[in-house]
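Note that subunit A is present in both complexes that follow, paired respectively with subunit B and with subunit C.
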Partner chain A sequence: MKKHGSLLFKSLILGVILIWTSPVILNATTREFQVKAAFIYNFARLVKWPKGTFIDPDAPMSFCVFGKDPFGPLLDALAKETIRGRQITVKRVKDIKETSCHVLYISKSVEEERIEQVFRELPPFGVLTIGERHSFGPLGGHIHFMMEANKVRFHVNLYAAEKDGFKISSKLLRIARVVNTEPFEKK
Partner chain B sequence: MKKEIQQGRFRYDIVFQKIIFLEFPFFFKGGQGNFENNFLEHYRILCCWFVLILMGMAPVYAQSSLDEAEVTSELIQMDLDELMDIEVTSASKKLEKLSSVPAAIYVLTQEDIRRSGHTSIAELLRMVPGVQVARVSANRWAITSRGFAGVFSNKLLVLLDGRSVYTPSFAGVYWDVLDTVLDDIKRIEVIRGPGAALWGANAVNGIINIITKDASNTQGGLINAGSGSQLDFGSIRYGANLGKNAHYRVYFKGFNQDSFIEKSGEDAEDTWQLRQAGFRLDWSISEMNSLTFQGDQYVGTIGGKAVVNPFFLSPEVKDDDILGKNLMVRWQHRFSTTSEMTIQLYHDQFERNDIDGFGELRNTFDLDFQHAFTIGEHQEIIWGFGYRTTRDNFRVIPIVGFFPDHREDTLRSAFIQDEITLLDNQLRFTMGTKYEYNDYTGSEFQPSVRLLWTPAPTHVFWAATSRAVRSPSRNEADIQVNVLAFPIPNGSTGIVRLEGDQDVTSEELLAYEAGYRVQMTKSSFLELAVFYNIYDHLASIESGEPYCASKVSVFPMCSPLEHVIFPQRYDNLLNGLTRGAEVNGQWKVTPNWKLIGWYTWLEMQLDPEGISTYDEDVENKAKLSPKNQFQLRSNLDLPLDFELDTALYYVNQLDQQKVPSYTRFDLRLAYITLHSDFSLVLQNLFGGRHLEFISDTITLPPIEVEPGGYAKVSWRF
Partner chain C sequence: MLFFRNISIQQKLMRIIMLTSGILLVLVCIVFLTYEIFTFRDAMRDKLSSLASIIGINVASTLLFDDRETAEETLSALRGEPHVISAFLYKKDGQVFAKYFHESADKDVLPPPLQDDTHTFFDGKLLLFQPITFQNEQLGTIGIESSMEALDARIEQYGVIAVTIMFVSFLIAFLLSFQLQRIISEPILHLAKTMKKISTRNDYSLRMVPGDQDEVGFLIAGFNQMLNQIQKRDEKLKEHWDHLEEQVDLRTKELTTVNQQMQSEIKERKRIEQNLQNSNEELVTANEKLKSTQSQLVQSAKLASIGELATGIAHELNQPLTYIRNSTQLLLMDNADDLDAEEVFETLQQVEQATDRMMSIINHLRSFARESDIQHRPVQLCQVLENSLILLNEQLKNRNIRLEKKIDPQLPQVLGNSQQLEQVFINMLSNARDALDGREDPQIVIQVKVLAQDDGSQQVMICFIDNGAGIPSSYLEKIFDPFFSTKEEGKGTGLGLSISYGIIQDHQGEIHVSSTEGEGTTFEIILPVQ
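And now, the complex of A and B:
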């Protein structure tokens, strides 16, 4: 019985230790979207918009989030930054037609049909589209994220981006998976 | 610290399963088949459930969103390469920030490496604050931090992917065979000051840790080809995957370095060629287990003209081959998100045939284990042990030899470090020690205590005091070098001989360091480190009593048929004091323009102990390192994917060698496209031909470094 006692005691200690050691672990998705926000900033930095996109040289550059926002404050942090002298503004949009966006992030929550619809509603050029879905490129999107071995990677649909007047720096392309897909509708 | 340096990330991890593994044996005790045992059986299962349930409850997402947004702002300052490398499921609470290391640490990123235009690992180190990189000849360098430079700078530990390239023969690094495809290097981490509490002996004045990329980050092909005024080089690397979770790369590289010119104007004949092939395989077996295999093999030649007294001329043909190979396997196991262990085993074999005919063959086996975990939220522990055995074989020539000419040594070690958070996000205390047992001096303890104070997120202060030793090398114990020969009155020859001594002891360092880091703006920071180092028992060379070579007759009654030896013996009768300050900073002027600068100041003083006969050289030794060094680098991204990088290096004179100060200016212009890069590099502009260091060990004439340049094409596929 003595043994029981000591075992019980040990298990209690074990329990106490375990509770005491409860770790504070950063939510994996938080880190993921921190990194993605940083990438979005770099996309904007390394992409050249077609002439005439910005009304004047000081016009702000607007980052829009469409669909359920996974970033929260993580993207708002970019609003303190500038790119080539342009102040970044961050907004959540519900209706594409009513807002002007330079970077449009379409979250995972948005269905494919809706994405296609959004693309149809977009102005013909000047909006860099960033998505999460596999089919984002084939649908005509410019850049979409992928997770690979715990790290954030991205595909660039060079065909679509160039067709829409963007010039993408080789520095960005060389770390991207470059695909040249024409949108489905054209086939 | 060892952990974060090896893996480039911080351990804010907390243990779980460690407790299951370590505590459970308690429950397995007891006899068999009795009631108690059955009870135990149930009990164990119950416990398991208990543990599992607790584990399920464990993660507490308690992070203020304010901090999280702050991290985004920090991330956008990073280079793209670094951003690509962040694991999103890392258990780290904070970003892996070097600013919270309580030591003078500096990291060369792949971006720094790529944009420097340097073509060898030795030259890359020029960019590190306070590190003295002096080119002795086309194929030799004197590299050290915080003083004590030499062709074999014996107080600096260098590792490539955890494999020590510090040679126990002469205590130093054979820089001429330390190579890999520079594009495959992830980062080079350099700590100035002692790191012996984790890294062990010889990490006295600094540690250089070269980390190559995981094979999953080097997929596809990369071909480099370059040609220049002094150097032609090429490399090919190809990486692919084996199944979903395993990636590999293989590479081949080679270069031909032309000879430099002696101060006298003659050709130094110090050409250098190396051909190297290697591989790395990274296999993520599961979430919890990963395996790495890597290996390299090289063959090359090193030229040079050894200045040898004709009396000791080697009858052997001059040989200059260097060859070697190494193979490593590393297993990383994650017990939980908060507890991780690494077991690493490597074999390294090399053969060197130096320019004077002296030869060395060495085989090393090394086993390392380490385990990192945390207790609660406030303690991070890392501990481990190691075993190394090294066997050598020397080809003895008339001028130099090791006696005995072959020897096997083992090194056993263990270390533990505890990092304790005293005040959340404000005050952290680290204490640790390494224990080593080596065949020369026996037991060595190398403790260290460090304190990190972060009064505000942008201000970090740290202070440390450590003891470190440099254990004797084979050289100091067993070498014989015939330095001089001269006729003596009885008709025979007198020889001045440098002799090793079995009784040499370890050099000891007691170091006091402090530092301050300030993030001035989001895009600029400044770091300051100061140190005060007290050295005891530094190696010295003492005159001994002359003796007759045969040892049959007693000096001065030597027979005319035998030489009379005037010995100069290794001893430890030197004490030293160094102090210095190092300031470095970085300013991202715009997202496309980065400025990096540093200035370091060093003062050395060496004092022989009373009985020492070693006075003349002492002053000199202290002056082998420059008092002031300065550097300014600029990385500028031009429109149309052009890069313009410039670097200005200033190094103060070396009084003893009468090597004058020099200023060096490097320029790189590159054009980057999706699949290829074109770059033009000009090095050593404006300074002209200049001396950097005169060999202090191998007798080479003074050789000068000349301006040069090369053009390079890289192609990715």
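And now, the complex of A and C:
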């Protein structure tokens, strides 16, 4: 059992500290993104990347944020963690083509058209896409968040993920509120 | 062991078998029941543990994504396990994340505090905790509480079976032991019955039926053999009894004969004893006669020596008598006027002395002649020697015999009779006197010495040594024999030395003689000092 706790645990402690020390900063939004950062980390733990994604076994795993960053320092805290021995790196990207990402978070600020464009620019496999919009799934995104009774929940577009070579653990699927196994109908 | 006392061997055997098998059965049942309980508990724990693992795997992600609804939904799958009363899902910090209660369970019960990987049995329940891990990270813990009612039911079932088995086995054991105990008890009972018969009827001709080749069989065989021996002995005894009377008669007759013989022997002995006593009395009388004869003999010897001494005595008396006559004549011749009173007194004194001397001689002679008693008293030997010289002094002077006395000044007293000893000394001196007759320069030496003995006692030795004619060696042996004399007929009695010998013997002393012909004779008398 790992003594140096998981992100979840650490972020919880961090959250508690923030609640006590800085009520101005720690509003509902901060809390929401705290949970989302932990979720992103857990998604990465429960997803298997297709073979050939990583150059070597020790290669780091990069978490990229596209669009306006809602996390602030919360996501950067993940840089200390590892997933299956891989160090996590956190980047903010403007141009998809220039950087290689393993997890790509597209914030709410990014328009649907722009999202479609980003998807087209992405390499054919090996990038797990996480979004905020309801249309993120139908657009071809893999996982997107939603709120349910003030709790953060998520949808999984299993069809798209499997098509892109990912294997998603049943543990993750059990928690997901909606799992799409069929391709979305084109509008 | 009162339980086994005073009952027949049959019952003892039965009780032993029943008790042994009963205790064994109970023990076996207890062992099996205990084993069953432990096995059941282990099985229950294993089952619950694997259940917890499955649930743990299923709820791991709900902890990851903080999804309580899904967690409780997953826990509700435990409905399929009716023995599970409740289940709790704890977060890492111990907070309860999700719960599950069975329909029948009390839903207000507080969840038990979080524990590590343990299981506890309490209150008929099993509470098991198991950590939930994901990728080597502990996400939380699951606690499951299970009822143990199944175990109780199982024990109850087991008890019923055990009691049934015990009852049946006990019955079988009873029937079997009832049949089998006969193998041992029957020969023993037979033995006991026969024993009783023999002892009541006193009939040793009875025999037992031989048994198996076991200890009881040997016992029976031994018993039969013993009975044989007793019977034989009885017969022999009877035979002996009959024979004994005959033998007693015979022995009695023998004894009577011996008795008679002994009686006659005793009579004979008595008679001999009587004879012996008579002869003893005769002997005593003879002895007495002998004694009186002897004393008469001594007396006559004494008187004889007095007779012999008479001449000497006459000489002794003559000297003072002459002196008295001369003195008185001298006085008578002087004129009365010329008489000097002092001179007269002196003369009279001398006359008195002379008469005193004569009186002492006569007195001594008289006392010597008197028959003496035989009692022994302490005696001063010097005195005795002087006394013996009173009667002989003048004779020795007349014959020009020189007398020399060498007497130890510290002479102890001797126990004895002074008269008898004086008689001996006179005898010695007169013998010496006679031996010196016609010899040149005749002399007698009297030597008295004390001899110390090795044992501390003392002896006195008196020697009379003369330088006379001596005694021929052929006579030396006979010299102490009575009536042996070398003197002329009529001069001696021949008893002097033999009587001296007797007197010294009476004093427990010794007398010896040694002599060389022509040179002299020495008599040596030794007397003990008491």
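To be clear about the criterion, the second predicted complex is superposed on the first by the 154 of 187 C-alpha atoms of A that agree within 3 Å, B and C clash if a C-alpha of one lies under 4 Å from a C-alpha of the other, contacts with A are read in each partner's own complex, and residues count from 1 in each chain.
Here is the rule we use: a residue touches a chain if its C-beta (ideal position, glycine included) is under 8 Å from a C-beta of that chain, and two chains touch if they have at least 3 such contacts.
Bear in mind that the values here come from a model prediction, so they are computed numbers and not experimental data.
Trainee: Could you say whether A:105 touches subunit B, subunit C, both of them, or neither, answering first, second, both or neither?
Mentor: Neither partner.
Trainee: Using the superposition on chain A described above, determine whether A:166 touches subunit B (first), subunit C (second), both, or neither.
Mentor: neither
Trainee: With the two structures laid over each other on chain A, which partner does A:175 touch: subunit B (first), subunit C (second), both, or neither?
Mentor: Both subunit B and subunit C are touched by A:175.
Trainee: Which partner does A:30 contact after superposing on A: first (subunit B), second (subunit C), both, neither?
Mentor: After superposition on chain A, A:30 lies in contact with subunit B alone.
Trainee: Going by the contact rule set out at the top, does A:45 touch subunit B (first), subunit C (second), both, or neither?
Mentor: Both: A:45 reaches subunit B and subunit C.
Trainee: In the overlaid three-chain picture, which partner chain does A:119 touch, first (subunit B) or second (subunit C), both, or neither?
Mentor: A:119 contacts neither subunit B nor subunit C.
Trainee: With both complexes superposed on chain A, which partner does A:75 reach: first (subunit B), second (subunit C), both or neither?
Mentor: The first partner, subunit B, only.
Trainee: Intersection of subunit A residues contacting subunit B with those contacting subunit C?
Mentor: 35, 39, 42, 45, 151, 153, 169, 171-172, 174-175
Trainee: Which residues of subunit B touch subunit A in their complex?
Mentor: Interface residues on the subunit B side: 13-16, 19, 23, 26-27, 30, 36, 39-40, 43, 47, 50-51, 54-55, 57-63, 65-66, 68-73, 75-76, 78, 80-81, 83-93, 216, 284, 337-338, 374-377, 591, 637, 641, 672-675, 716.
Trainee: Hey, which residues of subunit A end up touching subunit C in the complex?
Mentor: Contacts found on subunit A: 1-2, 5-6, 8-9, 35, 39, 42, 45-46, 84, 151, 153, 169, 171-172, 174-175.
Trainee: Can you check the complex and tell me which residues of subunit C touch subunit A?
Mentor: 58, 60-62, 64-67, 70, 92, 131, 133-139
Trainee: Which stretch or stretches of subunit A touch subunit B in the complex?
Mentor: The touching residues are 3-4, 7, 10-11, 14-15, 17-32, 34-35, 37-39, 41-42, 45, 72-78, 80-81, 83, 147, 149-153, 169-175, 178.
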